[in-house]
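In what follows, chain A forms one complex with chain B and a second complex with chain C.
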Partner chain A sequence: MRYLGEREIEDIAVGASLLGTGGGGDPHIGKLMALQAIEEQGPVQLLEVDELPDDALIVPIGMMGAPTVLFEKAPGEHEATNAFSMMEDYLGEKVYATMPIEIGGVNSLLPVAVAARLGLPVVNVDGMGRAFPELQMVTFYLDGISASPLILADERGNTSVMNTVDNHWAERLARSATIQMGGSATVAQYPMHGKDVRRSGIAGSLGLAEDIGKAIREAKQNNQNPVDEVILRSGGIKLFEGKVTDISRRTVTGFARGTATIEGINADRSHTLKLHFQNEFLLAEKNDAPVCITPDLICTLDADTGTPITTEGLRYGVRCAVIGIPCHEKWRTNKGLETCGPGYFGYGMDYMPLETPAAKGDKTV
Partner chain B sequence: MTYRIGIDVGGTNTDAVILDEQFNVLAKTKRHTTADVSKGIYQSMKEVIEASGVPRQDIQYAMLGTTHCTNAIVERKRFNQVGIIRIGAPAAMAVKPMTGVPADLKQKLNQHVYLVEGGHEFDGREIVPFDEEAVYNAARKMKDEVDSVAVTSIFSPVSNAHEKRAAEIIQEVIGSIPVSLSSEIGSVGLLERENATILNASVVNVAEATAVGFMNALEEEGIDAKVFFGQNDGTLMSVDYAIKYPILTVACGPTNSLRGASYLSGKSDALVIDVGGTTTDIGVLIDSFPRESSLAVDIGEVRTNFRMPDLVSIGLGGGTVIRMKDDQTFAIGPESVGYRLPEKALVFGGDTLTATDVVVALGKADIGDPSKVQHLDKMLLTNIYASMIKMAEKAIDQMKTSADPVPVILVGGGSILFPDALEGASEVIKPENFGVANAIGAAIAQISGQVERIYSLNDWGRDKAIDHAKQIAIGEAVKAGADETTCQIVDIEDVPLAYLPGNATRIRVKAAGELAST
Partner chain C sequence: MRYLGEREIEDIAVGASLLGTGGGGDPHIGKLMALQAIEEQGPVQLLEVDELPDDALIVPIGMMGAPTVLFEKAPGEHEATNAFSMMEDYLGEKVYATMPIEIGGVNSLLPVAVAARLGLPVVNVDGMGRAFPELQMVTFYLDGISASPLILADERGNTSVMNTVDNHWAERLARSATIQMGGSATVAQYPMHGKDVRRSGIAGSLGLAEDIGKAIREAKQNNQNPVDEVILRSGGIKLFEGKVTDISRRTVTGFARGTATIEGINADRSHTLKLHFQNEFLLAEKNDAPVCITPDLICTLDADTGTPITTEGLRYGVRCAVIGIPCHEKWRTNKGLETCGPGYFGYGMDYMPLETPAAKGDKTV
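Entry: the complex of A and B
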């Protein structure tokens, strides 16, 4: 157990932006919420998964909906309180701690803000190890844990409990209600006991985000190459270095899709990398051959400063480094790949782990 | 014949030009920016008018690009007593106004804060009914405490009804007081827009003093000109608007340089290298306007969502200090002698080796006294010069959008530093009057209007939505003083919004036209 203060929150925000793999929303607003909450309530207790009692009720909390709306209509002060007290009434148990549902993007720090406000600990774990767009895309789902009861809350005081037949229905119904609540709502879901969090969660992810953020900060201070430092801390592989030369976007069924083309510089001169995204980067192709495929993580960083770049921040002329980070092994199972693999997102190819030589582009054809 | 005067106040120099109707440059001056910025402006103005010899009564327009407000924010000085009203509770209470703003600034500006119920959703619905009574109460409390009010309502870029009503109430209770509305200032992104609105409210006195000072100076010179201020996007605003929304002037300097470079070279798409005394800024012209940065911009360490020109800045200018070492190695900057170049540089009899000395010693420029640098090691100088060019070429490569070479325009007082050929450049243009491109950019600027809204493309259709936005933008430009027949759409951006129904898309359109003749 340790405490999260201002410095840790700043670092987590940077690391979470990287682990957002281009999506997940800018963690800046989550950071500000967390900073205001700890300023008013004091530092937050961070628990490791092995510190959780088997039967303690852990409830992940986060935001559902459009990041654009969240940045304009930030949450109020009572959504989380309302959601948790309804969860407690419904289950007849007390909430022991909260945790992030996804470590990538804005949802990484919202639980820290909520924890400070409600005086609860937050657990060093999440259900993705990255960011994904839909609520069944969590390791808990792979292990048969239900998203229900799922509670949505808005700033007006509306709360809604959903009990759905499966997690796809939870996604569908919660998404519709969120639109009515103004396009962004607080969601408490996947209530679990301590032993389930240990079994199914991706342990240590808040700490990993913090490490990555710290590495980028310190590399800047010490004039080191931030990209190398990030690779070192995250166990990643450098995929490419280049300059964005083209970007095309369109919105299909609510998701921002598109492709960015990056022309190589330095060692990658005269090579081309294409990054395909649907909110998150999902497929990287070097000279038309896939080199990193969802659910492995594709992250872009500013080549000089190491600042993570989101799909919205990608623009002509940006010089960036692209790195791949192996996903959690749970994602590489059959069910994991069915849920978040290339097929689910409509890419007609088989998944290849990032570390295999063929995926690294070493393949001679 | 009528004339216009353009003045640009930069960190190092204050430049002034006089142009005729065809935008021919009749006279130009360059002076060091004085500690008292206004004094420098008046002196430059006097000088350039005398040099041009044009009849004073024929000077009809005066354009000023200035850093007064930027300086006030950076130095945290001469602020108004600001009242802050945010309309949107119970939403957004988890991030109160000025969260994340540096403590010294927060302490100065965050003294009178009122959070009232109201605001809108992304689709224009009200979040909750607007609590007008709460605004009346806030206004009564602020009456003798503040002299400027910032009002920010959630999703006011979609509907500004609550902000407008709040302004009416404030003026009904307090009487005449400047009220800054966030919908006039920024786009979607509550905290950034609110920060910009609060900063705006904090510098309205500074802006008014600057404007009044400038107009008085003109009057003393016997000039009855219509006064405009340069704004961040390279277009002009009327003095009345500038006093209300001074925050829109804080980044006009680099923009004016880019616009001036475009005009002087006749190029609409090119890279512009603006070489100053301490740094060199590289920007990109697209359709004669600066390409804007997509990232959040900090002003005085406050995050705002302004659109600023997308620039890379390198620590190399005419006054950059070069240190040679015995082992034939060297270091270029980032220190600079800045405006003291004429006394510090070797070629001017000073004691400091600068970038300017290097080019003079190699015979690539003819200023000062070349004999004072003849003793330097030519081999080493050649290496230093090559490194300087590499710095610029690296930045050029960074800003280019494709591998193809592009035209490069060199402007600014220090542009003698660079040669007529650079890697990545299809041609290097050093236009006439390159030294005062920024003042020219201010003088030739157009009048613009802008709109940013969220459209449901399922309801509108993309073409209709964009047409609608275009009409509003042109209407805004005409309202601001543009001649409708010359108005053109200079920028269109549509960004699809994820996770919203009906293909919600944010459309931003900017129109600009020539000043309507009076």
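Entry: the complex of A and C
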């Protein structure tokens, strides 16, 4: 157990933005909420999964909706505390701690803000090890844990407690309610006991986000190359370096979808990388050959400062580095690939692990 | 207090189909469910509003969705009993009785079936005195009673407990969930205490439906004109008699919308009546001049047998009588007309009470 203060939150925000693979909502909002909450309430306890009692109730909290909307509608802590008290009433148990459902963007730090407000610990774990756009896309689903009861709350005061027959129905009903609620809503879901968090969660992801953020911060201070430092900490691979030359995006059925085209510079001169996203980056093609495919992580950073760039931050002329990070091994199982592989997202190709040499796209050079 | 048996249910089904003004779902399904339930469980107690204890919990139950879908997806009692037990858990009170939310079609008799299954009484009251397509369109809304907590349940086992800031939000969120659930869902809403049912409900509507059904049945037995008998019992006005020559309908955003054109016969020869519907008949125009406008009731009957015809039953060549029935006085208030008047449904005209001579359309003859 240790405490998260201002420095840790700043670092987590940067690392979580990277691990959010372009999605998960603007981390800046989550950071501001968390910083304000700890300024008023003091540092937040960070528990490791090994420290959780078997029967302690852990409730992940986050935002659902398109990042482009989240950017304009700051998530409210009031909805989150409301959702927690409804969850406690419904289950007849006290919430022992909260945790991020995904490590990406706003959803990594919203639980920290809520934890500070409610005097709860937050657990160093998440259900993705990255960010994904649908709520069944968590290791808990792979391990047979139900998303229900799921509680949605909006900023007006509307709430809905859903109990669904499976997690795909949870996604379907919660998504449609989120769209009605204006494109984003606060969601408390996958209430679990400590033993389930331990067996099913991706342990240490808040800590990893912090490590990555710290590496970027220190690289800047020490005039080191931040991209190299991120690769070192995350176990990633450098995929590309270039300038954004084209970007198209639209918000449909609650998702921000689009593509970005990056023309290579330096070693990648005369090559082109195309990034496809649906809230998150899901497919990177170098000269039309896939080099990194979901569920592996595709991350973009400002080539000079190492600052992670979200899909909303990708603009014409931005000079960026693109790195790939191997996903958690649970995503490479059959059920993992069915849930989050390229086929699910409508890309007509088989998954290839990032580390496979053929995936590097150099065969087309 | 009296009991509803087979004969009463048969009569209610016919009268409720008429008062459903073409909508509310196929009454045949509700009748079959109610008949089967009382065959197995015995007759159902019918309580008058005066017999309700002030603090008794009354929960209306019904189906939400497009009648064209209800026709193919029979509503399940299992969902209804499930919704009731959730409501009891949520409110911490036992359900004392149920009631129809609207007197139209399946929603008049579904509560009778549920009452039989659960051994509860049903109350001789509803919230519309007719049928309407949206859930805020009830006298309870006019009187400031909340639709929340609202419980939706589908046939798969998905449930949602909604608490919304107002009844328009209840409609919006429940409607979108209903569409996701396949176009129809069981809904328990507007939980009320006895004193609120008494001050706000339209008392005696199940009994009125029964009277109308009985009048049609007896007219047939006695070779009387059933249309005249219906007019006598309901306080209605005969608007038109003719043959359906054109009908168009489509199911959009969960509603069955369309228009029917009727060419006059007998006294109405060489005149034309056009009926506009959105689940229910909402506007009748004779020779392009309005003769009956929502919230007044527009009802179609088979001209020979007096059998009410729903919007789904309107087919080319059907010979029918169209009658208008004055709505309950609560609908003629400002808030009533805002809620259910022609403007709300997108008809660019002012409401005119059915009884106004100018509304008869004869000025254009």
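The definition used in the following text is that the second predicted complex is superposed on the first by the 337 of 365 C-alpha atoms of A that agree within 3 Å, B and C clash if a C-alpha of one lies under 4 Å from a C-alpha of the other, contacts with A are read in each partner's own complex, and residues count from 1 in each chain.
We adopt the following convention: a residue touches a chain if its C-beta (ideal position, glycine included) is under 8 Å from a C-beta of that chain, and two chains touch if they have at least 3 such contacts.
Computed from a predicted structure; not experimentally measured.
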Touched partner set for A:Ile179, first chain B, second chain C, both or neither: both
Touching partner for A:His78 - first (chain B), second (chain C), both, neither: first
Partner chain(s) touched by A:Leu32 [first = chain B, second = chain C, both, neither]: first
Dominant contact partner of chain A by residue count, chain C or chain B: B
Contacts of A:Lys274 with chain B and chain C, given as first, second, both or neither: neither
First, second, both or neither for A:Ala113, with chain B first and chain C second: first
Contacts of A:Lys195 with chain B and chain C, given as first, second, both or neither: neither
Partner chain(s) touched by A:Gly317 [first = chain B, second = chain C, both, neither]: first
On chain A, positions contacted by chain B and by chain C: 156-157, 179
Complex interface listing, chain C residues touching chain A: 156-165, 169, 172-173, 176-177, 179-181
Touching residues (chain side chain A, partner chain B) in the complex: 28-29, 31-33, 35-37, 65-69, 71-78, 113, 117, 155-157, 175, 178-179, 182-183, 243, 245, 249-251, 254-256, 263, 265, 279, 312-313, 315-317, 319
Residues of chain B defined as touching chain A within the complex: 88-96, 99-100, 119, 121-123, 125, 127-128, 154-155, 188-191, 284, 291, 294-296, 303, 310, 397-403, 495-501, 503, 505-506
